[in-house]
Amino acid sequence: MTSQPETTARLLVTCPDRPGIVSAVTTFLYHHGVNITELDQHSSDPSGGKFFLRLEFQTPDLDVSGEALKRAFGEVVGQRFEMDWRINFAADKPRMAILVSKHDHALMELLWRYARGELRVEIPLVISNHPDLRAAVEGFGVPFKHIAFSAETQQAAEAEMLAALDGQCDFVVLARYMRILSGEFVKYYTSRIVNIHHSFLPAFPGGDPYQQAYTHGVKLIGATAHYVTAELDQGPIIEQDTARVSHRHSVDDLKRLGRDMERQVLARAVRWHVEDRIIVYGNKTVVFS
Amino acid sequence: MTSQPETTARLLVTCPDRPGIVSAVTTFLYHHGVNITELDQHSSDPSGGKFFLRLEFQTPDLDVSGEALKRAFGEVVGQRFEMDWRINFAADKPRMAILVSKHDHALMELLWRYARGELRVEIPLVISNHPDLRAAVEGFGVPFKHIAFSAETQQAAEAEMLAALDGQCDFVVLARYMRILSGEFVKYYTSRIVNIHHSFLPAFPGGDPYQQAYTHGVKLIGATAHYVTAELDQGPIIEQDTARVSHRHSVDDLKRLGRDMERQVLARAVRWHVEDRIIVYGNKTVVFS
Amino acid sequence: MTSQPETTARLLVTCPDRPGIVSAVTTFLYHHGVNITELDQHSSDPSGGKFFLRLEFQTPDLDVSGEALKRAFGEVVGQRFEMDWRINFAADKPRMAILVSKHDHALMELLWRYARGELRVEIPLVISNHPDLRAAVEGFGVPFKHIAFSAETQQAAEAEMLAALDGQCDFVVLARYMRILSGEFVKYYTSRIVNIHHSFLPAFPGGDPYQQAYTHGVKLIGATAHYVTAELDQGPIIEQDTARVSHRHSVDDLKRLGRDMERQVLARAVRWHVEDRIIVYGNKTVVFS
Amino acid sequence: MTSQPETTARLLVTCPDRPGIVSAVTTFLYHHGVNITELDQHSSDPSGGKFFLRLEFQTPDLDVSGEALKRAFGEVVGQRFEMDWRINFAADKPRMAILVSKHDHALMELLWRYARGELRVEIPLVISNHPDLRAAVEGFGVPFKHIAFSAETQQAAEAEMLAALDGQCDFVVLARYMRILSGEFVKYYTSRIVNIHHSFLPAFPGGDPYQQAYTHGVKLIGATAHYVTAELDQGPIIEQDTARVSHRHSVDDLKRLGRDMERQVLARAVRWHVEDRIIVYGNKTVVFS
């Protein structure tokens, strides 16, 4: 799974399934001097289904510019197979904005991995509806912006956030941001807002999921990373995990155990998003992890 | 965890929490020549909560009969602390009836563990609403009874089942029994019917949970063993587990992976029930596993 | 992952890594009317490493016979890229012989999955060094052969086993066969004998691994499925799993918990072998699961 | 599991097993106005084995001072049953020193949990054989000391470390400290040095365990927290965990995945040590988690 980030590129494809796609794609790339180092594909149904493809390839011997490769791919392969496709070059680090409230664990996990180079992103901005985490964020050399957010001020707050983010970020992570964003806001970042919800969705959506889990007496608690859509906690699931609990655990114990899981699940989801490993189709995801 | 089944006994207690309970119980048993080999306790809240206790003890030097021990315990300790309690002697194997439909995997897992002595029960009867599994069951030397069950015949079918079970069994296992039992039926075996549901409850109750899981695009599937109450798939949860799945898995793959989990989860729940490790309180369980 | 077994075929390739392989393979197959439904590849090192490829494809529109396809593939693609390759048609079920001693759990798991069609194999023969399991095996309609095996009779016993297996099976599973097979025997079935060892190898090779685990006070026990080589418990690992234990577990508890794990781990390994998902290279495996 | 730290105390007992111990202990405490909120016991063998007991109790109504309770317990109960015992009051936070080299992940995890109050300890000192992590440590308000350590200077370095630690700490955590401490050093902190080793011990002791794991082709990697003894990586195991890997993972991938596991495993082990949940006997541990 290791590769040289400077010369790594990735192609993501969604198209109607039919014979010959892989042959066409790989032959095209071969003729342009590219070496394929990862190839994953998936078909929702070989007859009449959707076809999904992810390629990771090395470009030291690429015979044209990156832009020319994209243009040629679209003309020679993309149109022929009616593809929805994109090519990203790993040298262009995606810019990730983070929204957070008061709980710092998910935020800190991301900043920490960023600081040690484990997460190949730029972080232009952290926005919070509370001022509390300013020092923690700025300590990583990351700008912090406090934008208050209440039921009454929601419209203005979202406008301010959109203005702050506009042109500054490629995707947004809700690292335990406890406000519900409007459908208006969400549509600006379709399939580009990653949220961590502290339950095993679709169980326990909405508020206070650890309390809900405690009341139900479940024997496992969960965490779910998903893309945000207009419907609360209903967007395409990226990653989930569970941890064992028992009658001995109080709600506070569940929160403590859950924090560790939230950090891991969110970190994996963000990593996959950054590495172009996720394709959304309908309300589900293909994750080439 | 090993002990001699012939001389092993277990005490289960639920009572209001207050100081002195463990002292009173253990001193009583000590004075009767009993050696305690396992002791688990739990308090829902040290001030004004419920107290739960499970003791496993060895009786080779018991100074009175088992019945006399029970009588004395009730008089000396049980009444004083307003206990709901019971003492079981492991030499008296509980009698387990199994209800099953067509899927055989959960049934076979139980019969198999029974056959190799891993599950210390008697199995007086397997009842099915289909005749298909007769040979498989009788091959283990276990009686099989076919009782048809449809919406129209439910009342008569349940009456026939109750008659067949009456006085023959201590608890009932629904090993993928695909009919919904009436509240009437269930009340005869309160906290004594163990069901395996093929989802991570409370997600995906009711029919076709693997199809539901597939449609939702979850990244983990689950299985849940619980006691049956009048409300479908809402009874106290005993045990749960999850298994990782991905976009590559079809509904049939989920069923296949799920079968393995169902077998394991149900086997653990039944084992704990048989070993008196479960106390039901409200709609939750204390499991001293 | 679902497909029609009658028209499913699989190609496995190992060759020196260099550009153009996937393009050549998929273009060849496309021109013969084949539809690729799964494609996995792996490179040990993009510059000068080994390249591994597994393709699953559907053959209803294949334009030549299966044999002709193989011949053409070898000539057109295989030789050009110096491939070690094979094509298997799923309609040809592999023949699996099982060797077992007295513990029946791993054997029963395989027979059970076979009986319900979950494992697409023929089972021509079960051989045991004890007569005990004859009835259990024959109950599944599978032939059973008792061949005694002691230090003194090893050579004769192995000769008798080889004679019984010769031409009858494609691979062999050691389902807790407690005798050590000679290097002589093993070389007849290189990379075709799957063993289940009841520890997390390389920890606790050899005899009595649960006792070793108990003595070491490990907090997890494990099971390992691997291909057998001349060196005891050192062959290429196919699959492993672990289960949590504590100071409360006796050696017998470890054995009980371990049995469940052994069954699962062996079943997965055998499934992958049957579905041509494993490539051995050096003393390791590539598993396209 | 929740309790008021200010009034929580814990009793740990190891003694020869015989009837009457729990009765004597709980009756003693009851008579002193103590309310027991957790009780765990374990017997290595009911006849002639060792008995282990952990009690957590609340002292708001304690009728004597803490010191008087200890004295009385020793005289009334401890001597009678030949107990090795201790009583700790949670209000007295244990003092934890940390030794670290260059890898910061395990250290940061501990400092972070400390900073948010999840780990009830004082941290008087972090010692490193490299100067690199000074700023990171001091940022948490924790003193940092650089003590160089090489084969030639080992004796002096250990003397300097012992002097710095003397009287300042109750236990020591090796958070990826890459030097091997001498038996001389270790004996000052018997059962009080917690190490995290980056493999599933006893597999892959010593140097470069991820490289060892990669070479062996294991399908799970592990991490082990254990008490340090004079024999390298052989001390009593406290906690272990494993994570799934495949042929796709390079050694660097194993290190990345392993870091997450090391952090979790070490954090759990330290928590249990701090909460007096671990009893060492022989080369094993009883963990009342």
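Labels for the chains are A, B, C and D, by order of writing; each one numbers its residues from 1.
Definition applied: a contact is a pair of C-beta atoms (placed from the backbone, for glycine too) under 8 Å apart; a residue touches a chain by one contact, two chains touch by 3 or more.
Treat the numbers as computed from the prediction; the structure is a model and nothing was measured.
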item: Chain-contact steps, minimal, separating chain D from chain B; value: 1
item: Longest centre-to-centre distance from chain B, chain (CA-based); value: A
item: Centroid distance [mean C-alpha coordinates] between chain C and chain B, Å; value: 37
item: Approximate Å spacing (C-alpha centroids) for the pair chain C, chain D; value: 42
item: Two or more partner chains touched - positions in chain D; value: 248
item: Residues of chain B touching chain A in the complex; value: 42, 52, 200-204, 216-220, 222, 236-242, 246-248, 283-287, 289
item: Chain A-touching residues of chain C, taken from the complex the two chains share; value: 3, 19-20, 22-23, 26-27, 29-30, 33-41, 43, 46, 58
item: For the chain D and chain A complex, residues of the former touching the latter; value: 1-2, 104-105, 108, 112, 116, 118, 139, 248-250, 252-253, 256, 260, 264, 267
